[in-house]
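Have a look at the structure that comes next, please.
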């Protein structure tokens, strides 16, 4: 399983990362999740979120999640990009892409990875007015 | 809910269609599914698939699915592109993108739409050696 | 009454044509028409149970009552995606 | 034994520092150290139950036995994505 984790303070270049072909002849499904900063949160207006992280632990925890992912589903590749620092409303803060032979495992793995990330990976956000 | 259905014999320009921002300040989740033609199917090698459709019924059935989708989940937009004609191995035959406030509804709606499409939308494929 | 019948996917190859016109008796149901079709195109008979039936752009069951100029379609299980 | 304690997210603001060094008695568990930390930084006390504890880059529970030079981290529930 190919794996890639990027933590970056630069904008996520969604277009550059999106491929127009399967990376492998055995891949039939590419599931991509983009999390964007919402401009409204519990009623209030938000201009941006400030993301901070305990980076060494983020990398270690994602490494463990990737191991568990590979053990559970026949995934061909997993890529995660998480932005840090200031992310303006409507911009992507998270980009996840899973490729797999079939859509069932690709959807299941993608949702599981994001759920586990939100439970275990030490990243925090603070609203900026 | 914004909706768009495209049936095309031209390659799906995944890169051109992928946006790098949320289309709306209330959108927090963008789920994209790309189905690609696998080069191996039940043991044999496949060079391409030939897709055919009963187009008027495809449009009508997708219209009904979009109605049901909107009634069930708070979706902001749904876009579907399905290729017809010859699609070479590793090329995308299907592109689906759902935008919504949160990932739960975006993932659920995307998977439901593809499942229902595979049950109801009159498109067929034939392997080409 | 005059009914247009279209075949899609490999049903067209098995029938040897993409479309035909049948004269159905008054009161004929979609299920009755399906039987007339498989009599006329016997290579479709073994696929009877998996055949999908539509009138216009809607799926219909065998008890659907046909009307003059209905456009009926017969096709195998769909395989989009 | 000497233990480094780091605070992340708003825990650093509440503690007034990102890191401190504590001298812990031999046999001190991570839970014991957590109590020492909230005594020293009382604004963290009300958040005791929701505090996450890590040693190095692994989560640990209160019964974890600390060792010389362990790097302990305290932080609030994570919010990635």
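In order of appearance the chains are A, B, C and D, and numbering begins at 1 in each one.
The working rule: a contact is a pair of C-beta atoms (placed from the backbone, for glycine too) under 8 Å apart; a residue touches a chain by one contact, two chains touch by 3 or more.
Since the structure is predicted, the reported quantities are computational estimates derived from the model, not experimental observations.
A.B. asks: If you take the mean of the Cα atoms for each chain, which one ends up farthest from chain A?
C.D. replies: In terms of C-alpha centroids, the chain at the greatest distance from chain A is C.
A.B. asks: Indicate the whole-number Å distance between the mean C-alpha point of chain C and the mean C-alpha point of chain D.
C.D. replies: About 72 Å separates the centre of chain C from that of chain D.
A.B. asks: Using the average of all C-alpha atoms in each chain as its centre, how far is it in Å between chain B and chain C?
C.D. replies: Chain centres of chain B and chain C, defined by C-alpha means, are spaced 28 Å apart.
A.B. asks: Centroid from C-alpha atoms only, then distance chain A to chain B, rounded to Å. What do you get?
C.D. replies: The computed centroid separation for chain A versus chain B comes out at 21 Å.
A.B. asks: Chain B: which residues touch two or more other chains?
C.D. replies: 35, 114
A.B. asks: Taking each residue of chain D in turn, which ones touch at least two of the other chains?
C.D. replies: In chain D, no residue touches at least two other chains, as defined above.
A.B. asks: Using the contact rule from the top, write out all pairs of chains that touch.
C.D. replies: A-B, A-D, B-C
A.B. asks: Which residues of chain C touch chain B in the complex?
C.D. replies: 6, 8-10, 52, 54, 57-59, 73, 75-76, 78-81
A.B. asks: For a test of understanding, state which residues of chain B touch chain A in their complex under the given definition.
C.D. replies: 11-15, 18-22, 24-40, 89-92, 101, 103, 107, 110-111, 114
A.B. asks: Given the complex with chain D, which residues does chain A contribute to the contact?
C.D. replies: The contact residues of chain A facing chain D are 35, 51-54, 56-61, 82, 93-94, 114, 117-126.
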